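See the structures that follow.
Presented sequentially are two complexes of chain A, the first with chain B as partner and the second with chain C.
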Partner chain A sequence: MTVVTDPARPVAVPEASGTAPPRRKRGTFGFNSLSPTEKVVRYLLLVFVLLITIGPFLWQLSTSLKGSGEDIYTRIPRLLPSQPTLSHYGEVADTIPVWDYMRNSLQVAVLVVGGNIIGSSLAGFALSRLEFRFRRIVLGLFLATLVLPGEVTIISQYVTVRELGLANTLFGVALPGMIGALNVLLMYNAFRSLPVEVDQAAVVDGANVWQRFIHIGLPSVRGTLSVVAIFAFIGAWDDFLWPLIVLTDPDKYTLTVGLQYLSGTFSNDPRLIAAGTMIAFIPIVIVFATLQRFFFKGVEEGAVKG
Partner chain B sequence: MRYHRWFTPWVLVIPALTWLLVFNLWPSINTVILSFTNAKPIGGGTFVGLKNFEALLHDEQLRWALLNSVIYMVVCLPFLTILPLLLAVLVEKKLPGITFFRTAFYTPVVASAVVVALIWQWILDDRGLVNGLAEKLGVISGPLPFLSDQWLLLFSAISLTIWKGLGYYMIIYLAALGNVGRELHEAAAVDGASAYRRFVHITIPGVRGTMILISILISVSALRVFSELFILSGGKGGPGGRDNSVVMLIQQYSQGFEGNLGYASALSIVLFFVTVVPMLLLARMNRKAADA
Partner chain C sequence: MRSRRLTGVAALAVAALTLAGCGLGSSDDTSSGSKPTVDANAQVTGEVSFQTWALKPKFTTYVEGVIKAFEAKYPGTKVTWLDQPGDGYDKKVLSQASAGQLPDVVNLPPDFALPLAKQSMLLDVGAADPKIAEEYVEGGVQAYQYQGQTGTFGYPWYLNTDIDYWNATKFAAVGLDAKNPPKTFDELLAAAKVMHDKSGGKEYMMSRLPGIGDLTNAGVKVLSDDGKTFTFNTPEAEALLDKYAAAYKAGYLPRDILTQQYLGNSKLFTQNKVAWTTGGGNALGDFVKDNPSLKGKVVPSPALDTPPLYVQGLSVSAKTKNQAAAIALARFVTNAENQAAFAKIVNIFPSTKASATDPYFSKSDGTPESDAKVLAFESLAKAKVLQPPVISGATNDFINQQISLAISGKVTSKQALDAAVAKANQLLAS
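And now, the complex of A and B:
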């Protein structure tokens, strides 16, 4: 589903080769120390890139706060509003039911996150820690779907959802992405890094499969699990094409579809659209900023592989 | 040796497997089946043979869409394989505050394509930031029609995709850089190799595998582009529908009374072949390079 193949998600290349070579501690070498000039150059470059990546967001934020009487088209652009106001945010809510859209997006995202955490950790555990017939075939099936871009099957996926009676429902938006093949493989990879001996010792102690899953498996894959959760959330929140196809009723729109509706149908006022985009953007930034250390930790654990 | 009953693994795998079968495998088969019908968004559909595929041959919008896709891919490839690697090298050193920069550079990735496309729409507006500044500086006399000219619109969308992708590929490179032997860098530095030479002769060969993977990802995602072009063109696909992508055409046929899921499925099959070919070519290149 589109949630799975979303470009915002790190890519795992599931390989049989197992764990990555041990990583060296950084910052412990004299080699690492930089000359003052190099430091200054590096910071200048960092700030330059920062302006390019963050600048457009700041400009949009500034536009959303500029008063209606303020000339936003001036030849000399002003970053700081001269008549700052929050009124456009209220105006967005008067134009489209933006808070309902936010609740809809949240509903979809929660379903997708929950489904992926449960479904992919269970399957990943079974595929990596338990022996059973056809295990390799099942694994191969999950791998095979990775080469298929989600957009290729989006039409027949819509047909499936429609036949289930879920066209034009939020559940229909969430359903196909609730267990992503990529996430199953990520969890499979994560569980594999746990030594088999630990499992065998637990078996000797009389632990059953469920106990091994809860007490041994899950605690050792927290990093990858949080990466799966973060990206399931971001993917569901940001998704546009799939909800656009499934939802026909403006009452049921998610935020992204609602924003497009706002800019396409109702408004030519850049301040209003800017306020709308900020309403969709700020929550996801907060989520990411709060959880970024788990994300970067997951990256180091190898949830992102190159 | 087994320490569990035979059905236990299946109980754990069944939910994920069900999803895989219902929402991945079946739709792949059904796409092929649907492409031989005239199914409508509301339902129904009868077998029409090769009619949809014949129509593909005469579809002028599809020709533009394929041309746009190729241009998209060719322009994105060099920028998105090189720039993120430079960024990764820049943020690799653990300077004070580096986490902030890493997170900030990743922000465009986290934002929805719809959000960033709406932001760029405003920046590239006839009276927006870019035109305003350029006019102020006297570079241009009138506003450049970034959003209404066929080619400018395409290149605006391409630059948006590149901008949004920088942080994503940077993180993948960053993970790969961690595996490039530090000893090599040190040894080279001791031998007096400049930073540039170390980059060319140590860093790049060290991340070669990642580079190939990334170029596959870039090509596939460039061919699948949707939101950026859709939003920047106001959902209309540019003047005369010449700025459509293949996915935009699929979306257009998925809706309304004019919609035709059969034709949309035929387009999906085109999309499949268009994305798989560069994937296989690059994977082959990778194998050849590995043998050499």
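And now, the complex of A and C:
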């Protein structure tokens, strides 16, 4: 894959206005020049993927804006509300204490994000940079836990949390998610991609483990750290079943559980539920927007060297 | 209706209750815990907890009113009310049970109550209160008596059933009369053919695949008398599936029904894709709320054949520290007066015999919603529990998958039913 981009080669001929573009022979296109048909096909595919990924989201958004007098379910989904209204958003805030739920969710999310950033980077650093007995076994154990689906362990997890006296507390909700095995592996990979020579040079200079971790390891894995932060945040924010099981006091409900109050037993208004979902979505956008600069760096980071 | 939310409950039930049995939770000795230690006339006082399912915030005022009345009637009592969100209730209840924290009085539909009753976690309220059989309708009480278990494990609370809803516009378009809709499955098939042929294959009548309830309706014996084996792989069941398969092949059923989503048929109906759906007495309001353009176009009629009976109930935890107050509360919430008040806020029906004569349920005020309510109320007299509660979520899913395969023609009806019975028996035994 080394010949893909050659900066010396003219990549695309800028089209001079007024003159017809020079006719190119079929079949001589390189990687960077596209035939018009191929371009159309690529864009069509992109649009198609775009539609299936954000389609449901747009539908939910448009449902939340639709007035009470208009149809929600139509044969061909209609995205533009004909009687747009923001009243459902106000109604959500009137029906449930949405700000309290959001504060609870935030507390859990902050604990989980903090736990993962500190715990996973420590564990990942230890697994990739330190020599100790059973290192491989520990790594294997981390991998092994990934195989277990959460539903299998949820009851025993609840019993454990309850025995610790943490039932019905937000800390009890956050605790099991505070170090994710997958995050440890991500950090392990990120630290591994840093050349060992750098570390060895630091050892020669007399740096101890903590100094190497803080001054050499961490600054080079900021990207992966933000990936871990975003995934941990989304995971904590979106979790439904676990907070439902741990919490009994409605004042302590997280947003996902609290939003359930919008859909009652006998009848519910999809417009109201959609508005609630949209409200729950806002913080995720904010977190992603602040961290996205690092995020894309982090996604590449693990793959470049290794 | 709600009980279809039970997906995956069987596996969890086993896991949860095994754990509870291990004594990881601070559970007491559970042997013979289901027998009451006080009689119905014991002194009622002290604290008692009460758990409902998804009644907040719409019915907060009603429930708080009932609780206040209870505390006033029995001075010295204090009720703590918990309301659980709709989703994941089965798992919540199981985790409460395995941790030994089941509230004193719990709202449980019969199929959620069964795994708890098997583990002696629910009180036999029939033994504590012999008047249950006299005061509540038979179908409601029977729903809490299980094959293989002795006792009645809950006070029936509110009831509901399904009636049929038809799209009058679609009927008129193909020359059918919505005022005189199909009354049996065979008439429905005939109407589906008309709908298909006259609209050039664009419109559909039928909107769902058969389930266990339909097999019961076709005269199939689903479960053996001792409740230990399933017996629905009979020639009658095969004939019914064959009819559906033929209808599917002829294009009378929309393609997207094979996935069998919960409430999928009413969604298709709201989307204007099909002309028939089933729904509770309150479903009409939902159709019109979701799609206001349906207003005035929906005609209700009684369900085909025997209508299904859906029961909700209040069970009493076997480990309650305050049996007298718990039993009194369950009985108080489900008494005729409180149920009638509840039924007037929302279209559900009381499970008490005394309510049968209430003119509110038997007289329509002329609106379609009210017509639907009266129809549903009349159907209740004939309604039966069509799906035995031993069919857990996992079993039901597997049966439905097999039925889907048979209807789409991938396997024969006999193969599908045999496979479903084998798997269901295996799940029942485990």
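Quick note on the criterion: the second predicted complex is superposed on the first by the 240 of 306 C-alpha atoms of A that agree within 3 Å, B and C clash if a C-alpha of one lies under 4 Å from a C-alpha of the other, contacts with A are read in each partner's own complex, and residues count from 1 in each chain.
Just so it is clear, a residue touches a chain if its C-beta (ideal position, glycine included) is under 8 Å from a C-beta of that chain, and two chains touch if they have at least 3 such contacts.
Predicted, not measured: the structure shown is a model, and the values here were computed from it.
In the superposed model, A:T95 lies in contact with chain C only, and not with chain B. When the two complexes are overlaid on their common chain A, residue A:E70 makes contact with chain C while staying clear of chain B. Using the contact criterion defined above for the overlaid structures, shared-chain residue A:S263 touches chain B and also reaches chain C. Contacts of A:L244 after superposition on the shared chain: both chain B and chain C are touched.
Using the contact criterion defined above for the overlaid structures, shared-chain residue A:S156 touches chain B and also reaches chain C. When both complexes are overlaid on chain A, the residue A:G119 reaches chain B alone and has no touch with chain C. Note: residues 73-75, 151-152, 154-156, 158-159, 162, 240-241, 244-245, 248, 260, 263-264, 270 of chain A belong to the chain B contact set and to the chain C contact set alike, using the contact criterion stated above. Touching chain A in their complex are the following residues of chain B: 2-4, 6, 8-10, 12-13, 15-17, 19-20, 22-28, 30-31, 34, 39, 43, 87, 90-91, 93-95, 99, 101-116, 118-123, 125, 127, 129, 132-133, 135-136, 163, 165-168, 171-176, 178-179, 182, 185-186, 189, 207, 209-210, 213-214, 217, 220-221, 223-224, 226-227, 230-231, 234-235, 247, 250-251, 254-255, 261, 264-265, 268-269, 271-272, 275-276, 279. Residues 2, 8, 12, 15-16, 19, 24-25, 53-59, 82-88, 91-92, 94-95, 98-99, 101, 267, 270-273, 282, 285-286, 289-294, 346-348 of chain C touch chain A in their complex. Here chain A touches chain C in the complex through residues 68-75, 95-96, 151-152, 154-156, 158-159, 162-163, 167, 240-241, 244-245, 248, 250, 257, 260-261, 263-270, going by the rule given at the top.
Those residues of chain A lying in contact with chain B across their complex are 1, 7-8, 10-11, 13, 20-21, 23-24, 26-27, 29, 31-32, 34, 39, 42-43, 45-46, 49-50, 52-54, 56-57, 59-60, 63, 73-77, 118-120, 122-123, 125-127, 130-133, 135, 138, 141-142, 145, 147-149, 151-160, 162, 175-176, 178-179, 181, 184, 203, 208-209, 213, 234, 237-241, 244-245, 248, 255-256, 259-260, 263-264, 270, 273-274, 276-277, 280-281, 284-285, 288-289, 292-293, 296, 299-300, 302, 304-306.
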